[in-house]
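For reference, the structures are reproduced in the following blocks.
You will see two complexes here that share chain A, one where it goes with chain B and one where it goes with chain C.
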Partner chain A sequence: MRKPLRSLLSSPVFWRGAVSIVAFVILWELGARSKQWMAPELFVPLKEMLGAMGFKKDYLPWIGVVPAPSTVLIAWIAVLGQGGYWQSWYMSLFRVMSGFVAAMLIGIPFGLLLAVSRTAQGIGFPVFEVLRPIPPLAWVPASIIFWPTQELAISFVTFLGAFYTIVINVLGGARSIDLHYFQAAQSMGSSQWDIFRRVILPGTLPSIVVGSAVGMGITWEVVVAAEMISGGGSQQSGAGGGLGFFIWSSYVGGSYEQIVVGMISIGIAGFASSELLRWLGRYVTPWLRVR
Partner chain B sequence: MLNAQTAAPGDVIPVLRESIPFVDASGALLQRVAALGRPRRYAAGERIYNAGDEADDIYVVVSGRVEHVFGPGISAQESLKRMGRGGVFGWAGLVLGQTRRFASATALEPSEILCIGTEDLVRALEVEPLEGGAVMDRFATMIQREFTMPALLAKVRRLSGTPLTEEMSTLSLTLYRMSLWLKSPRPYLMLIGFALFLGLWYLFVEVWKLPRFREMPGITTVVKEWLSPAPTYGLSVFTEEYYQHIAVSIWRVAQAFLLATLLGVPFGLFLGWSRRFKEYVFPVFELLRPIPVLAWVPLAIVMFIATESAVVFLAFLASFFATALNTMLGVESIDESYVRAANCLGASRWQVFRHVIVPGALPFVFTGLQISIGVSWFSLVAAEMVSGQYGLGYVINTSFMMVRYPTIVIGMVTLGVVGYATSAMVRIAGDYMMEWRVRELALAER
Partner chain C sequence: MSEIPSARPPVVAGEIAVRGVSKSYGAAQFRKAVVRECSFKIEQGKLTVMIGPSGCGKSTLIRLLAGFEQPTEGSITLDGAPISGPDRDRLVLFQETALFPWMSTWNNILYGPRARGELDRGTLEFAEFLLNKVGLREFRNKYPGQLSGGMQRRAELARAMINNPKVMILDEPFRGLDAMTKELMWEYYSRLYEENRRTNFFVTTDIDEAVFLADRVLVMSNIPTQVRAVIEVDLPRPRRLSDIVESDRANDVKKQALSILHTEAMRSFSRGSKAAADFVDAYLKRAGRA
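Take a look at the complex of A and B:
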C-alpha cells in the first residue's frame, strides 16, 4: 500500500496534474472575487474597457458571477449536515438506478433479439432508428402526461436515455463477432442455444459493458434535466427532489454556491457509478484484461 | 497447359451464352468476343495462375472444373469457389485500379478453358459502348454476388467512350440497388414494423382508449393538427412560426457546433501531440467532464446575461468535450512508427504535425463530430426547455404548460427529423473527406 503511494508522490505526472488543478482553483477564486479586487482606482481603465465591450463594468465577464471555490466549500460543509441534501442524493440515485436497470433488463434482450433474428431486426430496427434521434429530454412532457406519478415519469426518461445506447452497443457487439466462431461451433455440432450461450453472449459482453458505462453517464445527464424541468416547471408540491431539483431550487432561491455544490455532487455521483460499472465490467470480462 | 488449338468460334458462343456476363449479349458481340478466345487445355491439378500474377487474361470454362481461391487479405465472404462450364474467372484486370490477380485458380479435372485477353475484351466491348457497358455491369454484379466480393471493391473499369455519364451510372446503380432491396424481405418487414407501431398507437389511444393512453395525443389528432392550414393550437406546417422555431434551434446548434469544432479539434490535437501539455491541462479537463452539461443550466443562466448565449453555451459545452476527447484519442491511436518514420526522413516537428498527426486523427475527429452534433442537440433541448424563447425545446415545454398536447408530439417528431438530418450531413461530409479510410476498412475485412 505504501509503495504505490510513494511512486505516485515521486512521479512528475502527478505533480503536474496537481499543479494545474491548484492553478485552476486559484484562477477560479481570483475570477470569482474580481468584484472585490477590481474596486480600487487602479482598475478603472479595465472597467471602462469592459463597459465598452458591452459587459458589466464591476467584475470580469462570466467568471465574475460564479461563486468562488472557498464559498462553495463553506456552503458544501454547511449542507453536509442537512438531511435534505442526502435525500436529494438518494432520490436521484434511486431514479437513475431504476431507469438504468430497466434499460438493461429490456435493452439487452431486445438488442440480442435484433442481432439474432433477421425478421425481428427487419421489423424492429427501423422503428427504433426513427425514434432514436428524438432527445430523451423531449420526452419529459409526454412522459409526465402518460405516467401516473412524476416519479415514474422521470424514471422513464432516464430509462430512455440509457436504452438507446445499450441496444446499439449490444447490436454492434453481436455483429462484430467473427463469423468463423459460428461456423466452428456449428461444425462441432452446437445447438442454437449453445451458440447463443457460448458464442453470442460472451462475444457481446464487452460491448454490453461499454454500452452500460456510456448509458450510465447519459442517465445522470438526463435525470438532472428531468428533475429540473419537472420539478422546476410544475408547482406540484412533493414532486421533484433529487440533485437536479436541488440545483434548480438553489437557483430559484438565489444561493449560487449551492448550484455549484449540486453540480459537483452530480459529477461525483456520475463518475463513481460509471467507474463502478467499468470495474464490474472488467470483472465479468477477465479475458480482456491487459497483462 | 497442354496445347493450344484453334476451336471454331461457333463452339464457343453457346458457352459464352451460359456465362453470367454474356447472358444477354447480342449475337454480333458474342461473335466478336468469341473471335478473341484462345482455347487451352489444363491437366487435373494444374495451376492456371497465382494470386499476385499479372491479370492479363480472362478465362471462361468450356469443360471440366476449376477451383478459384482468393489470396490472403481479400475480404470476400467466401474465399473458395468451384465452377464448371460457363464459369468466368480471372476478371481481376477488369476491376477498377487492379492489375494483379486477386486469387489463384487450379484445374480440378482435365479442363478446356477459353482465354480472352483483358485489354482485347475491353476494346471489343468499347465498339458497342452501350451493350459493352451492360456486359461490364454484369461483370460487376457477378463479382459481387457469385464471388462474394464486397460491393465497394466490386467496381469495374469504365469503358472509354461510353456515353453514360457519371450521374447516369450512379443512377442505374441506385436503381439496381433499389430493385435488390425491393426483392429482399427488408422493406416489407419495415412496413410491418411501422404499421405495428403506428397502429398500436392509434388503437391504444383513440380506439380502445386504454387507461393512461387516453390522455396522450392520438396519431390522427397529431397528423391533422400538423397538416392543418388553420391549426387549433397554432402550430403546423403552414404556420410561419413553425419554421421560425426550427430555424432558431438549427442556428443555435450551428453556432455551438462550429465553435466547438474550431476550439475542440485544435485543443484535442495539442492534447494528443504534446505530452507536457496534456499532463498540465488534461486533469482539469477530466475534473470538469463528469459534471453533466445539463447541470450547468442554472449557472449558465447566471453567467450569461442574455439567455440566448446561455443556451448556445450549453450546447457548445457538450460538443466541445466530445470533440476534444475524440480528437485526442485519435492522435493517440496513431501508430508510433509513423511519427518515427517521418522523423527519420527529416521531418520537422511542424511537418510531423501537419502530415502525420492531423490526417491520422481524422477518422476519430469525425466520429467525435458525429457524437458532438448529437449531444449538442441533446443539451440544446434541455436548455431551451428550461430557459429561452423560441426553439423546438421551448415549443415542447410551453405546449405542455398550456395543455396543447398534439403540439408536443409535433415538436418531438420535428426535433427527431432535424437532428437526424444534421448528423447525416456530418456523416456524409466525413465519408466524403475520408474515402481512403472507407476503402481501407473494406479491404481489412472489417
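Take a look at the complex of A and C:
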C-alpha cells in the first residue's frame, strides 16, 4: 500500500499533472477575483471599433463573472449535505451504466455476429449504417414519445451513444485478426466453435476494450445533454433529474457556483468511469500489458 | 525431464506428390498465373528445400500444400490420398509468427491437442518434453510478445510438432532474424530434423540456408513458377555450420543453384520492360527521398 504511494509521489508525471491543475485553479481564482479580466471596460476602444463595423453586442467572455474556485468549493460543500445532489449523481450514473451495459450486452454479440457471418452482415449492416450517422441526441424527442417512461427514454439514448462505437470497434477488431491465426487453428484441427472461442474472441478483446472506453465517454456526453433536454425526468418520476438537470436547474435558478459544481462532478464521474474501464481492460488483456 | 519414450508418439513420415499443378488468380483479362504445370515430390523422411526468387509463387504453393487453397489444375496427394483441406498432418510455419499473442507459450503448444480433445497425460508429458527440447522451460508462462524472434520460432516448432504431423512445411521461417540468431536456428532446426527424420519442406530465398539444411534442393523458376532443377545435397549428417562452410561439395551445389537463379533473374529482367521500368522507378523514388 505504501509503495505505490511513494512511487506516485516520486513520479514526474504525477507532479507535472498536479502543478498544472494547481496553476489552473490559481489563475482561475485570480481572474475571477479581479473582476477585471476581459471585463468590458478594458476593451472599450476595441469595442468601439467593432461597433463601428456593425457589431452591437458584447462579444468577449467575461471571466470576471465566473464564480471563483473558492466560492465553488463552498457551494460544493453546501450541496454535499443535500440529498438532491447525490440523487443527481445516482440518476446519471444509473442511466450511464444501464445504457452502457445494454450497449455492451447487445453490441458485442452483434458486432461479432456481423464479423463471422456474411448473411448476418448482409441483413444487419445496411440498417446499422443508415441509423449510425443519426446523432444520439436527435433521438431524444422520438424516444420520449416511444418509450413508456422518460427514464427508459434517457437510458435508450445513452445506450445508442455507446452502441455504435462498440459495434464498429468489435467488427473492425474481429476483421483485422491476421488470417494466419485462422489458418494455423484450422490446420491443428480446431472446430468453428473452438476458433470462435479461442481465436476470434481473444483477438477481438483489445478492440472491445477500446470501443468500450470510447463508448463510455460518449455515454456521459449523451446522458447530460439528454437530461437537460428532457428535463431530467423529474416531472413524472418525481426523482432527481441527474447531473445534467442539476446544471440546468442551477442555471435557471441563477446559482452560478452550482453550475460549476455540476460540471466538475461530471468531469470526475467521466474520468472515474474511464479509469475503471481502463483498469478492467488491462485486466482482461494481460498479454498487452507485458510488452 | 520426462524422457519416457511412451510419451512420444512415433514419427510417421509422409510423402507429398505434386503433379502438374497450376494456380492462377483473377478472372478473364485480369487472370494471373502464379504456378504453372509444376510437378515435384517431397520425399518421405527427407528435408526438401525450395529456393526461388522473391515473389515467384512459393507461398502460393505452400497454401496449396496446406490445403488452404485448391489448385486450378493438377493434383496434390499425401501418401496417395488427395489433399482436400487443412489438416493436422500438414502443418505450416508461416513467414511471420502465428503464435496466438493472447496465450502463454505453454497454452500455445497445447493448442492442437486441446482443439481436438486429446489432452491426456501422455500429451502433457510430450508437451513438457517438447518445451524442454526447444529450450523454453523458463518461458512456459510468458506470452509470445515477451519472447525474442528466435524463441518465437522455436515455440512455434514445438506447437507444430506436438500434433505429430506427417509433413512439416516451413515458409521462410527464419526471415527477419538477425544473422547470428539465424545461424543458431539453422543448427538447431537441422538437429531437430536429424533426431526424428520427419518429412520436412522448407522454403527459402537464402542459398546458404538451403545448402546447409537440405537433402534435396528444388530450384524454382520465376513467376509463374516451375521446378527448374533438383539438386541432391549428399552432405553427411549431422551437419555443422563450420563443416559446410569449408565443404567443396557444398560450394558446388551453391554455385549450381545460384547460376540457375541468376539466369531466372536475368530472364525476368529482359522479358518484360515492365519489370525493368518498375525497378528504375523504385530506384529513382528511393534516390529522390534520400
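Simple rule for what comes next: the second predicted complex is superposed on the first by the 234 of 291 C-alpha atoms of A that agree within 3 Å, B and C clash if a C-alpha of one lies under 4 Å from a C-alpha of the other, contacts with A are read in each partner's own complex, and residues count from 1 in each chain.
Basically, a contact is a pair of C-beta atoms (placed from the backbone, for glycine too) under 8 Å apart; a residue touches a chain by one contact, two chains touch by 3 or more.
None of these values were measured; they are calculated from a predicted model.
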Here chain A is shared; do chain B and chain C fit on it together or clash?
-> clash
Touching partner for A:E221 - first (chain B), second (chain C), both, neither | first
With the two complexes superposed on chain A, say which partner A:S191 touches: chain B (first), chain C (second), both, or neither.
-> second
Where does A:M263 make contact in the superposed view: on chain B (first), on chain C (second), on both, or on neither?
-> first
The answer to whether chain B or chain C touches more of chain A is B
Just chain B (first), just chain C (second), both, or neither: which does A:L5 touch?
-> neither
With the two structures laid over each other on chain A, which partner does A:P148 touch: chain B (first), chain C (second), both, or neither?
-> first
Who does A:H180 touch here: chain B (first), chain C (second), both, or neither?
-> second
Would you sort A:M53 into first (chain B), second (chain C), both or neither based on which partner it touches?
-> neither
Return first, second, both or neither, reflecting whether A:G203 touches chain B, chain C, both chains, or no partner chain.
-> second
For chain A, which residues are in contact with chain B within the complex?
-> 12-13, 16-21, 24, 56, 62-63, 65-66, 119, 122-127, 130-142, 144-148, 217, 220-222, 224-225, 228-229, 232-233, 243-244, 247-248, 250-251, 256, 259-260, 262-264, 266-268, 270-271, 274
Okay, in this complex, where on chain B does chain A touch?
-> 185-186, 188-190, 192-194, 196-197, 212-213, 215-216, 276, 279-284, 287, 290-299, 301-305, 377-379, 381-382, 385-386, 392-393, 396-397, 399-401, 405, 408-409, 411-413, 415-417, 419-420, 423
Where on chain A does chain C make contact in their complex?
-> 178, 180-181, 183-191, 194, 198-199, 202-203, 205, 285-288, 290-291
For chain C, which residues are in contact with chain A within the complex?
-> 66, 68, 86-88, 90-92, 94, 96, 98, 100-103, 111-112, 115-116, 142-146, 159, 163
